[in-house]
Every structure is written in structure tokens, then in C-alpha cells.
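Look for chain A in each of the two complexes below; its partner is chain B in the first and chain C in the second.
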Partner chain A sequence: MDWAHLGIFVVVIIAFFLIMAMVFIWLERRLIGRFQIRLGPNRAGPFGVLQPVADAIKVLIKEDIVPARGDRWVHFLAPIIVFTPILMIFAVIPFGERAILADLNIGILYVVAISSIGTIGVFMAGWGSNNKYSLIGAMRTVAQMVSYEIPLVLSTVGVVLIAGSLSMVSIVEGQSIPFILLQPLGFLIYFLGASAEMNRTPFDLLEAESEIVAGFHTEYSGLKFAMFYLTEYGHALAVSAIVTTLYLSGWMGPGLPAFLWFLIKVFFVFFLVVWVRSTLPRFRVDQLMGFAWKYLFPLALVNIFVTAFEVLLWPDFPWPVIFANIFIAGALIVLWSRLFPLEGGVRFDRYGLGIAKGLALTFRHLFRTPITVQYPEERLNTSKRIRGNELLWDDEACNGCGACARACPVGIINLETRRGPEKGLLVERLDIDMGCCLFCGLCVEACPLGALFMGRGYERATYRRGQLVMDKERLALAGGEPSAYASPQIEAALPEQTLLVKGEMRGSRGHKGEGRWGWR
Partner chain B sequence: MGMEIAFWILAALGVGSALAVVLNRDIFRAALFLVFCFFTIAGIYITIGADFLAGVQVLIYVGAISILIIFAIMLTRQTQRGSPSNRLPLPALVIGLAFLGAMVFIVLTTNWHVVTPLPEAGPTTGAIALELFDPESGFVLPFEIASVLLLAAAIGAIVLAREK
Partner chain C sequence: MLDNYGYIGIFLIVAAVFAIALPLIPYILSLLGIVPRKPDQVKSSTYECGMDTVGSSWVQFNFRYYLFALLFVIFDVQVVFLYPWAVAIRQLGLFGIIEMLIFISILIVGFIYAWRKRTLEWK
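This part shows the complex of A and B:
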């Protein structure tokens, strides 16, 4: 391969990397939107496809902040050291039959060695930021990466044993049966270990936002943060490509062109990663370490022994071995989770069923009819019985008894009355300071005549606190619809609930609007 | 020719970063320079066609040893003040010079086995495996004994560190 050829291939790989990273960012956010019943990007362009572009432009024009007492150079170099190894992995990924930059003889060893460099970059980021959260994140990184690298590397040994080579091209060509069938346990260990290496939930302890802000990249902004972000998705792409190559027979497949098969498998692996991520909660630190050392590590060792015996006994792997291996994998997983409970009695065989149920639930969410409300143009109609966060007052029904003002626990109802021409009281002033309201509803319950209601509106935000004090005119019933809270007699009178106040339905699969909203 | 240029660049970078490790007062930066030094050595292995060795060099030294060093730095107090200077500069100088002299002497007096022109660099993985594990002339037993020794050392460390 001459230099021009090499140069073009490098440019193509970098372009592929950048475009796929953007696609993955978009895909992950869309998929999590579906899995977790959230929105996801849906504004910029059709299906929000331009969202990564918008994010990239935003991040480019942000200020680059360097902590005053941090180590400037270490802080500057960290994102580069994290980013470069991930890009270098793609040199040995076979995209097609002869589409590989360098068919290194040490292929998989190269991948393992190169990806271990990233840990140093993460640690540099944590140290150079001079921030305690960054440093805690970096310490967790080191502990996690070192622990999970061992089962990760050991699980690839099974593949190397069967293929008889470290070269990625030979590994792909050796898979007349995909290795996921011959190495089900190895695949699981590699998948979990790789999820930990790329900091995906349930292994995202190093940037656990609810504990340590953003972990090692707390102090990063602008382009440097963009590099960390790109690295995260580039790493996901690299892991998907490696899993495809090692276990899913790479670019090989019937019918379709090789590159297309490769892409389909990569997207499938990434789908699995996002599925697991959007379902499982985060590990605790001790559970994380226990999981690596007590489960994955010994299972990876046993896997090597079993595979070595099989390579010796049946070098050409007849098909009954597939079933035997799947059986052995299942038996080993159950046995291990029974034998070694984690601290506090967490046993994975008890939770295995729960994990499966959770995964099934999030998978079912994929097939819900999504309903997207483009908020300012369309508004959700609230339930009839909503407790509400506004109060409505019926001028006609009120007799000025002041029961509401006495019932208010925070004393924000200010009622002034005067004697009317006939019997009874006329309400002179009725001020309610909604800025201090608890929305406890005691005033509504106290009203003997049902003159004070909870409303169904939810847009009472203002720019000034003074505007939150509602007076007689603004409380008048004409301003909104009453809810049936504490007033069951008006429930029947209310109209059938419809989903939207304005605009039309925007469900992408033609939602008919019947039943509970959001469900099929 | 290209390999020769690459070698000189890598050698200069390696020696430079090795000097930086010793001279840098910031202990964390010194560790980073050490990592870079390991990396240049992996590059030099590649220039002489030892691809497997280069991969292992990166995996073991850059990936594992450097992490251990960084861990040690993290557990050291007063890292911010930098590495304090030694109280015994004169003995250190004498021992350092003696060590350097010994190294230079060995390099100059060894009868190096020089091969010209360079042999074609091929894949070395299989060759190393045969050298190590050949049933006739290999080192299977020493290799296994060494790994059992390492296992014993690891278990010993756990026993020592374990709380009573």
C-alpha cells in the first residue's frame, strides 16, 4: 500500500469516525427518549437529526475555561490523550473484505494496549483541573479501568484460542460460525467489561452527575469538553466495531455488501449498549469492584480453560458444542451468583429476573405510540381532578364568610367585606399571594358554598413577584376552568378530557386519541 | 532510511523525556514524562520489527505500571510541594556516576552481533511462542513456575494487607 492510498484511507476513517459519532449521539438520545419515555431531540430538523450539528456549533463558540490553580499543560493535553487512542483503534478494524488500514499481526493485542492509554488521559484531566470532584472521578476511573480491563482481556483470549490468531482479519475469516455462539460467556464478559471501560450506566461512576458533578470533566468547557464528548461516543463506536469483529463475524454475511453488514452489526451492538444503559441503575462503588473481581474475573478464567479443552478435543468445533457452550455459560453464571453474594447480601441470581423484567419493560416502551407535544404551540390538557396550582373564585356564590382566610395555614388570603344593601356581605377585596401559596387546598375544602376552586391551568408564571398576588378580577371564575378537586359535584359537568388544547395530534403512528393518553 | 529517521526522533524524545523525569520538580508531571518515555521505547521496538514486544510494552508499562505509579503519587502527601531534594547529593552523584560508567563500559566492551543488511521484519508473535513453548527446546516449565511464583506473591500481599 503506497502513501497516497494510506493517506486517503486515513482521511476516510477519520470522516467515518466523526460522522458516526454524531449519528451515535443523535441515535442514543432518540433511543433513550423512547426507552425511558422522555422527549429526546425533536426540534432541529426532521426527527431532530440536526441536533448534534447544533450542539457542535454551540460548543465551538463557548469560552474555554482553565482553572486558575490547575496545571495548565496537563489540563490542555488530557482531552487529546483521551481522544487519540480511540481514533487509533480504527486502524485495525476490518470494515470489509480488504478494507482495513493495517492488518497488524498483533491486531487484538494492539487494540487492548492502545485503549489502555486513555485511562492516563482521564486521570490527567482529573488532576490538572485542581477540583475535588474531578479528582474523585479520576480516582474512580483508575480503580474501575484497572479492574475491568482484566476480565476484558481474558475474555478475548477465548476468541484468540479458537481463531488461532491475534490478527483481526484472521479472526473475522475464522468465523464460519459467529463466535458469539461458541463463546456466549466470553461475549457477555466482554460486553460488560467494555460497558465499564466506556463508562456506560450501570458503570458510570466516574461521571456520576448526582454524586460528583461531572467527574473528571467537571472543569472542561468549549472545544476541550467537545473532545471528551466525542471520545465517549467514539469509544462506543469502537467497542461496537470490536464486538462485531470478535463475536459477530465482522463484515461477513449473506446477500448484502460487506460494509453494510458491518454497519448493521455495529448499530445492533450499540442498540444493546443503549438498551442496557437506559434500563439499569448505577452500581455502588463496592458492588462495582466486587462484580469485576468476584464474578467477571473468575468466570473469564474458567472460560479460558473450557475453551482450551474444547480446542484440544474438537479443533473444528462441531455444532453440538454450541449448545454445550450455551449450557455451560448459563450453569456457570447461576452457580457463581449463588456462591458469592456481594456485601449486604446482594445476590445476582435474585436480581437476574428483575434485570430481565426491566429490560423487557424498556423494550416494550420502544413500541408505544410516542406523543410529542410541541409545547408553546400545543398544550396538554390537564386531568379533571388535577389539584392544580391556581385558584379560581366564583363571585356570585361567595358570601364573604372568610372561612377560606381562616383556613389558610400561611395566611395569604386577604379578605375585606362591607355590609351590603340587603342582608349579607359584599366582598370589597380578595387578594391571594400565590407566591407564598402551599397549594394545600384547605381554603377550597373550607369554603361552605363551593365558591373557591382549584383551577386546571398551569401557566401562572410571571416576571415579577408582585404579579403573583391575585386580586378579585384575576381570581374570577371566567379566567379558567375549575377542577373537580374537592368538588365532586362539578366533576360530571366537566367535558370529556381531550389531550390537547390547541393544535392537532402529532403522534408519529397516527394516534386516535382514545383511552389514556400516551398508551397504545 | 525512514526507520532510521524514526529511530533518531524516538531516541531523542526518549532520552529527553527520561531527563525530564529526573529534573522535573512536579512529581505528577515527572510521572507523565515517564509514561511518555515508555511509549517512545515501544516505538523503538516497532522500528526494529518487534511488533508483539511493542504491544506488550504499551500494555504493561503504559497501561499498567504507569497507573500504579500514578496511584502511588495520589496516595503520597504533599504532592503539591513537588519532590523534595535529597539530603545526600554527594553520595548520590558518586553512585550515579558509577552506574553510568558501568553502563557505558558494558555497551562499549560487549561484542555486539551486528547483522547487515537488516533482516526482513516479519510477524514475531508465532516465533516468540515457539521460542517459549516449544516442547523440545522451550521454557514451558520455567514459564509456569514464574507464573505460580507471581500468584504466590499476589496471595502473600493479600494476606499481609488483610485486616485481622
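This part shows the complex of A and C:
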């Protein structure tokens, strides 16, 4: 037993896991932002890199709430059981040449075995919370696991066939040609199965925030919730590392150091995962089960036997076999969709083109200027005729007729006048309670002299409701920006409305002149 | 070779200790007064729609899960047989492939039966 080796790798793996999980959290949020033409988090630190740190501190000092009706112990143990196996996966991941904690001779089997333990933890979380949303999430986990696990495991058999070994190191060393070229179908099936295993969209049925609140971790808060969150990204990291090892020739690559190659490939796979996530909507449970059992499972079996024959006939895989394999993969996908449509005649190859289009669209979004407005620093010009907050009153023009107060449907305009020394009325008091204002604009329309205007502002926050009552001084026209609502005489003087601070907003098909604002 | 399993065993212990230590951090911090600990009845009630929850959520499962679980167990065990076969395929040769084809096709008959019986549909 080499204690130095053990000590170094245990520390390195835990540090790698925690740091990379935080990097992934930041990267995913930024990437999804760009895929959706937003900016993503950018306030904490340069480019928002400290965002996960800020989240971690916040989550660390939050109260730990345990549901009264739940099972305390199961509730406590669940995050631990979810977290531990994901960390354990990294024991057999080769980070570089000889940079591996334990080169087990059953490496793949170990990964497959240990990565499905997390499901038990997720189920415990759902069961121990005694919450119906959590339990639905937990049931979905089980339904999902019994479906995707078989194709996932079968697809790795193809890799084992070619490598002739279960050890992760031998598999990497056997990849003079990356196995993604020899096993295109196996790669696709593994990628789909792994997406389901790490519960990412389109397979995030068990948390499905739009349906069942937060699914299995609805009742978790504080650091226990953070553990689920960390596990999700740790699992994404683990799957990226496994895909890198099994299909992308691991740490091998020309020029750069081994560890750097490994990292580059891991980031590439994670990019794929985020890309798919930001493009596809969520599956339904029965769709996922049907897809896994009727589609992925038979294809994975066929893939195994095709590979087995190829291994016997052409042991060193000449180039024509690679092209033949890609062709076979495509043909099988299309053929199986034709022969065995799912319920309602759903054929998966029909979706293939649509999915490719969607992926291309989201990819193009990466290169577009984000439409995010950096609010306190940047502001958009409002519409010229906006009925914004705070009415504005022209002292000079007003003759105190009270038409505005009579027109107000909610009666929030309090006007007191007295007879002036020469003629007409002088306004003593004018109080408008903006807290009750409907912004209907009837007061402005009613004013015969054009002495009342709507404001153009859109920020109205006070510490006390009393501060929302505007008096004569605060309504003074000089202090604010009047809107052109019902006052067309000032319309020409106002700045044009802006919809974007930077760049031009165009529709996804790039039709420029269509509609005034292009986007809608 | 056995060393490797020793590494895995020790790493399991380290990982488990690490995982158990994490939820204990807020507990220790709450003793120091950094993390609040003010449980009340409403806060620790079940998160639902704001009303009191009706009934327990510890219910029985739909039996259809059971059918899927059965299929899952059968084919998961089949995969366990596939791994050693895959490692030794070069020694076994064509005989091995035919042997495995026969083995799988027996299981596939059951799978086709389940498919035709609409067990794979959630209705």
C-alpha cells in the first residue's frame, strides 16, 4: 500500500471535485445565459466568477429546516448517500498517465455500479420528506432509473468489446482511434442514458420545477440542499470525465500535457450537456420509459453484436470500418424509428431534424449580442406616451378648476383653492396619493389647460406609504420628465424609445424590417 | 492488484466522513450563533399549497412499477453476463458470439412478449 499515493490522490480528487463543481456551476449559468441571449451572472467578481462562492456562503449560513412530519433520519442521510458515490466515481478516473487513484481491473463495472447508488439517496430524500411533491419526484426517479440504466450499461459493453478490458487505463490506452468514431451509436446511447442518470434536462423529471416545485429536494434547505446541488454538478463532472475516458481517448492527445487534454475534453463534453439542456424541453415520464425500452435498448443490443462481429473480422479497425459504422448507426436509427413507432405514431427520426435545427439555433445565439439591460447603470428610454409614475403639475398653467379631481375614478386628488387677489383661483394644496393611483390618465385628459402630465419614470419605491402622497412641491413640473400621454405638444421634444442598449435586436430568422421593433 | 481495492476502501471511508461532515457544519455554526435556528410550527410544516396537508404521502406504489422493475432486473443481470463475454470475445471467437446470440434471444422472446402485452406502455 502506497500511502503517499493514496494521500495525494484523495486530497487531489476532493479538491478537483469541489473546484470543478463550482466552475461548472458558474460555466453552466453563463453558458445558458448566452444560449438564451442573456448575460448570466456577472456581478460577483470579474465575469461573475465569484457567484458560486457567494452562493456557497449564503447557503452555508441559512437555517436548516427539517419538516416536522418527515422522517428525521432518512431526511438527514439522503444527501450523504447521494453525495458519497459521486465522489467515489473519481477513484477510477484516469486524469493523466498513471494519474489514477486505483486502476481497478473492473473499472467500468465499478463506475456503473456505484453511480446508480445515488438513486437510492434521491428516493430516500423524496420518501423522508413526507411531501407529495417530493414523493412524486422520488417515484419518477425509480421509473427513470429502471429505464435508462439498461441501455446505458449495454452501450458501455461496446467499448469493452473493442478495448478487451474493463480497466479504465487500458481502455484509454487502447484508443489510438477515439472510440467515438468506432462506436458512434454507443456514444449517442451512452450520452442520452447519462443525461438521464444525472437528471439533466431533457430528463430532469424528478425535480421538474415547473410541475412539482423542486421534486425530491423540495423540503431541503441550507447546506443539505447545497449537497444536492453540488452532487448534480459533480455528477455532470463525473459523466463528462467518463465520456472522455470511454469515447474521447481520455488524457491522450498530441502536444499538450496529459492533464490539460483531459480537462479540455471534459469541458467539451460538459458544453455538449449544457447545449442540449438549453435546447430541448422536458420529456414526460412515460415517454422516457418508452424511449428507453423500445428504442435505446434494442439499438444498444444490436450495437453490441455489430461491434462483436467487427472485432472478430477486423481487429485493428481500418478506416472503411469507421465510415461503415457511422453509416450503420444512422441507418439503424432511421430504420428502427420506421419499424417501431411509439404510441401515437411518434417516430424519433422525425424529431432528429428538428433537434438538429434547434441545436443550430441555440448555437448561433452564442454569437449574438446579449439583450440584457444592466439595470441601474443602463436604462432604456421608455415609450414617449408611457403612463409612468408620478404625475407632474404645471403651477403656471393651472387655474384650479378641479377637473382632474372630479375625473379621478378613485378620488385620490385632493385640491384646495382660494380666491386670488385679482381673478381666478389660487391652488393652496394639491395632494395626490400615488399609492392608490390607477395610472388611468383620466386626470390628464380632463385638464382643460394641459397643466397636468403623466411622468415618464418607472421606479417608485419608498419606505413608507405616506411618502407616496405627492404634494405641490413634489409634483412640480420642473423636477420631472413629463410623458406625451394626452399632451401631444411635447411629443417631438422627447427622446425615441429604445429597446436595446447595445446592438440591434433581431428575430431568430433575422427578418430586419418586419414590424417596428423586429423582435415580436 | 488488491492494493487498489484497499485504496477504494479507504477512499470510501474518507468520502463518507466528508459527506457526513458537510451537514454537520451548519449545526456547529448554529451553536456559534452564525446560523439561525428558530424552528416554528409553520416553518416546519409540509411545503404544499399553504393549507394543511391532507393525509400522509407515504402511500403504496402503483403496481406497474413492479413490472418495469422485473424487466429491469432480468436485463440488468443479463448485462452482468455480457461483461466477461465482452472482455474475452477475442479468445471465444465466432462460437462466443453465436452462444451469446442464443442466450440473448431467449431473453428477447420474453421482452417481445412484454412488448406485445403492452407492458411497456404506461396506460
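Going forward, the second predicted complex is superposed on the first by the 377 of 520 C-alpha atoms of A that agree within 3 Å, B and C clash if a C-alpha of one lies under 4 Å from a C-alpha of the other, contacts with A are read in each partner's own complex, and residues count from 1 in each chain.
By our rule, contacts are C-beta pairs under 8 Å (C-beta built on N, C-alpha and C of every residue); 3 or more make two chains touch, one makes a residue touch a chain.
As the structure is a prediction and not an experimental result, all values here were calculated from the model.
Novice: Looking at the overlay, what does A:142 touch: chain B (first), chain C (second), both, or neither?
Specialist: A:142 sits against chain B and chain C alike.
Novice: Is A:62 touching the first partner chain B, the second partner chain C, both, or neither of them?
Specialist: second
Novice: Does the superposition put A:166 against chain B (first), chain C (second), both, or neither?
Specialist: The answer is both, since A:166 touches chain B and chain C.
Novice: Return first, second, both or neither, reflecting whether A:223 touches chain B, chain C, both chains, or no partner chain.
Specialist: So A:223 only meets chain C here.
Novice: In the superposed arrangement, does chain B or chain C reach more residues of chain A?
Specialist: C
Novice: Once the structures are superposed on A, label A:74 by its partner contacts, choosing first (chain B), second (chain C), both or neither.
Specialist: After superposition on chain A, A:74 lies in contact with chain B alone.
Novice: Please indicate which partner A:124 is in contact with in the superposed arrangement: first for chain B, second for chain C, both, or neither.
Specialist: First partner only, chain B.
Novice: Does the superposition put A:109 against chain B (first), chain C (second), both, or neither?
Specialist: both
Novice: Determine where on chain A the residues touched by chain B overlap those touched by chain C, and list them.
Specialist: 104-105, 109-110, 127, 139, 142, 146, 149, 166
Novice: Under the definition above, what is the set of chain A residues touching chain C in their complex?
Specialist: Per the stated touch rule, the residues are 1-2, 5-6, 9-10, 13-14, 60-70, 76, 79-80, 83-84, 87-88, 91, 101-105, 108-110, 127, 130-135, 139, 142-143, 146-147, 149-150, 153-154, 157, 160-161, 164-166, 213, 218-219, 222-224, 227, 285-286, 289-290, 293-294, 297, 301, 304-305, 308-309, 311-312, 315, 343.
Novice: Taking the touch rule as given, give the residues of chain C at its contact with chain A in the complex, in rising order.
Specialist: My answer: residues 1, 3-8, 10-12, 14-16, 18-20, 22-23, 25-27, 29-30, 34-39, 41, 43-48, 53, 56-59, 61, 65, 68-69, 71-72, 75-76, 79, 82-83, 86-87, 89-90, 93-94, 96-97, 100-101, 104, 108, 111, 115, 120-122.
Novice: Help me check something: in the complex, which residues belonging to chain B touch chain A?
Specialist: Against chain A, the touching part of chain B is residues 26, 28-29, 32, 35, 51-52, 55-56, 58-59, 62-64, 66-67, 70-71, 74, 123-125.
Novice: Chain B touches which residues of chain A in the complex?
Specialist: So the residues of chain A in touch with chain B come to 71, 73-74, 104-106, 109-110, 112-114, 116-117, 119-120, 123-124, 127, 139, 142, 145-146, 149, 166.
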